[in-house]
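Please read through the structure below; I'll follow up with questions.
Labels A, B, C and D are assigned to the chains in the order they are written; within every chain, residues are numbered from 1.
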């Protein structure tokens, strides 16, 4: 894709942005989700309600927040409270979408951002849960944004930082997690993946432009379920790219 | 009420609510002038081995002038509640952290924390107990309420809970599993605010993160503030007081006290400075050089501000609509 | 985790947190104009038999224009969370209350509530479950947090606990007895505020009582407001929004909506009116006459304000330093 | 006392006021405690920190609050929050004194403000706990303000609304109530009473002006312990009365 007119980050931002529905609440984390949310507000989802972990609700994302707590995360917002009000709002079922990342993901959407190797004698100490576990526990639908290779897409994560479907159907409810919540999509430079409604295992829904189903499977460390009709995502439109480059991230902080 | 699961992690800060009440009873109710500089506040109220916490989000309202002083005074074997970027990285870089109630330590868009990796992977940080961001804030809230625990549906079913000190019990009302988070009472809390009076009545602009909870969960509380205001101004808008004076032990006037972090409506984050740290922190040598230059070779916050330079600080103010005033 | 004691009182409003989440999921996230009058709000959102709550302290910010409309429409067999003075007395006087989660109903300096006595001693109020003021607020807070209970050291050792639906358990961390208060999820919450926009984003001046907690514990939420302001004004000070729009089902513009209660900074309590009620409520006949005059014989809040009279209302404003604006 | 130059209410206000120490925190309820606190601030305790249940902390009581939630309860206060912040502050051990009332009190200072007779078939339904139980559970020292007769001072209250020392020494701690907290004084038109340090039973400390020990005992429905030296309270001073009448309650709302 090096010859294409957009870079992989731009592709992921546009793909994530298209998943954001107008008039829904979305828990936005640092990085790509912020750009995707800002792009969505400036395109198909002007009424997307952005919710930032440390207290901003309903900000107008005219300027790109550089972090989840800084002034742009509650710029002309509808409310500015604190972390507990926000996470309790999620725990009460008011937050529709949440965005997540991690170093490893497994077929059930469990995420690891804590440690590679043994927790008490780690090979690599990762940053930790942060708000990830809260988002993955309480938001109705979570969307993971991941680089895509078989070191990251693994049969079993070294450490379950953030709950996906855990061991499979019914496991979240059994653990006491909210009924009907869980992983919804995974966005990567190669594909958009979902979860089988019954089996709760990862399923390939769409490939990114110029990417084959085989490439996706080759870069995944476990067997993917395949949707009946696997679509191919259209590339970022010139409109999306120009808004992203000339407006959303005009200072080229991320892209 | 059945206990379903016990987290394996140690309770790094055991607590007794009646001892906490006795301690709080001993704090003065009188309006006492608590102004002092960083050196006095840190030497008087922080001891080696203390359990400390910083209140901030990312690099926002980061109590950096206080943390720099902790490093300068070499307060060691600290136990720390970990949700932070630059300031916790600096404590780790200086080798002062013995144990972590961990939630997030990293450089956000600039990637992993190399200091965290070095300190934890080497075993110099002896214990990492895992929590989510909200779980740590709820643990402060439990202490702030004066109760032993708060329930949550966070952390259930995960290794985060398994490596925490939380417990999963059967809710005696509904019968479902629910996680109980033990109260976290800090020996010392560090909070940087926009405004405070000399007694410690403090105001914060914009979102408040977990300042109210952590202030009330701290046995000793050090406030640093961008400016000191008259108490009359506090009394004009009592609903703006997020931290009442009786919680506070020290009030440190520290303009740009959050640098290189930001203060909303006042100054922006110093991105090049954060990037410089991200680079320097990759290797032990360059890390040490950074600490020497910005902390050890300086006597106080004023010298730090001089080093950063009036001009740069004004630029950071000018980036805020309204020019930071 | 041992259960030491079960309160004998019934749980008047059984709850399921996942059902509450499903209900909250179904509330619109869009900014929808929710302005309507008392009659429409009460008829659309309150049903006979509902569990309702009013947020206020004494007679401060009492949502009286809404309560008057409930009486006018004769919504009956209500279950009510009881901490109030005038407005709950009026509901009792009208014979609309079937059960109470009780904390305080009385006339403060004017003594006992005769309506409470008549309704409870006659058995027309079938159940009184006892709590403390804070216990009821914590029960709202538990619902607002989305958790099944909150712990407290209130109520321990007393008949208040024995006649509540709380449980005493052994704290699994410290081993001491601790009371667990079950979440209280309201069918309908009624809150009177100083300012709101048409979507329901609401601001309250001065102390906030338990408005934030109750708003978040209500499945359906009716806000009455002294004035409607543009959303632009909400966005200028997002930290002032105590109740965000997505919680709200109806926004009722009700100037002097708290009369005879007060709104801080706007108008004072109408003491003679409260005294008139204290007198009238002694006997059933005079109680009925009062209800006829101030509620049943009137069609709406505007007719109520006309009856009280422009002049009197201006006097109540003038009692506030700055004249109530 | 009808011939005296002050009424019983004024006497109780002045007596309660004298118990308020400068530079302490006091949880103030409606009625006499408000007047006592205002009087104390204007006399011997200018730095008394008044705390009102619904959120006011450190108000200047220049004007008499008519209720615990109205603007005068946070007039030029140091903080204005809400009921839970205030009661949690008490639960954390920051509130030194709390004022209580009730229809019945027993030798251990247990208070009844809920019901006379059986709870489920009451002879008289009383207003209920309100904040009373919270104050009696969490404040270090509670001071009860009571009318004084043997219907109110009873061997056993019909209903323990607010905990005193419950059944005696150690009972509060055993129930899980905060160590070292409990009833401190009872102020009546006839006397000031305290509690025996070991037995935790009510003890007569002082009689009001022109009141004999016998009168106090006659009007008490149980045997009082007697302090070694029972003092006689001085009457309200002219200064106290003039401040009370001409300033604190100049509109004669209460007195």
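Annotations for the structure displayed:
By definition in this document, a residue touches a chain if its C-beta (ideal position, glycine included) is under 8 Å from a C-beta of that chain, and two chains touch if they have at least 3 such contacts.
These figures come from a predicted structure and were not determined experimentally.
Among the remaining chains, those touching subunit A as well as subunit B are C.
Of all chains, the one whose Cα centroid sits at the greatest distance from that of subunit A is D. A straight line joining the Cα centres of subunit B and subunit D is 40 Å long. Centre-to-centre separation of subunit B and subunit C, using mean CA positions: 37 Å.
With centres set at the average Cα position, the gap from subunit C to subunit D is 28 Å.
In subunit C, the residues that touch at least two other chains are 17, 145-147, 152-153, 176, 178, 206-208, 238-239. Annotation for subunit A: residues touching 2 or more other chains are 56, 74, 80-81, 84, 91, 138, 178. Taken chain by chain, the contacts fit none of the simple shapes, being neither an open path, a ring, a star, nor a full set of pairwise contacts. A list of each chain pair in contact follows: A-B, A-C, B-C, B-D, C-D. Residues 23-25, 47, 49, 56-58, 60, 74, 76-81, 84, 88-89, 91-94, 96, 138, 140, 178-180 of subunit A touch subunit C in their complex. Considering their complex, residues 1-3, 11, 15-17, 145-153, 167, 169, 171-174, 176, 178, 180, 182-183, 205-208, 238-239 of subunit C touch subunit B. The residues of subunit B lying in touch with subunit D in their complex are 17-18, 20-25, 27-31, 144-147, 201, 216, 231, 234-236, 238-239, 241, 244-246.
Considering their complex, residues 56-61, 82-83, 102-106, 108-109, 112-113, 116-117, 120-121, 123, 128, 130-135, 137-138, 141, 152-160, 163, 168, 176-179, 206-213, 262, 264-265, 268-269, 271, 320 of subunit C touch subunit D. Contact residues on subunit D toward subunit C in their complex (touch as defined above): 30-31, 52-56, 66-71, 73-74, 80-84, 87, 91, 110, 114, 119, 121-134, 137-138, 159-163, 166, 171-172, 174-178, 254.
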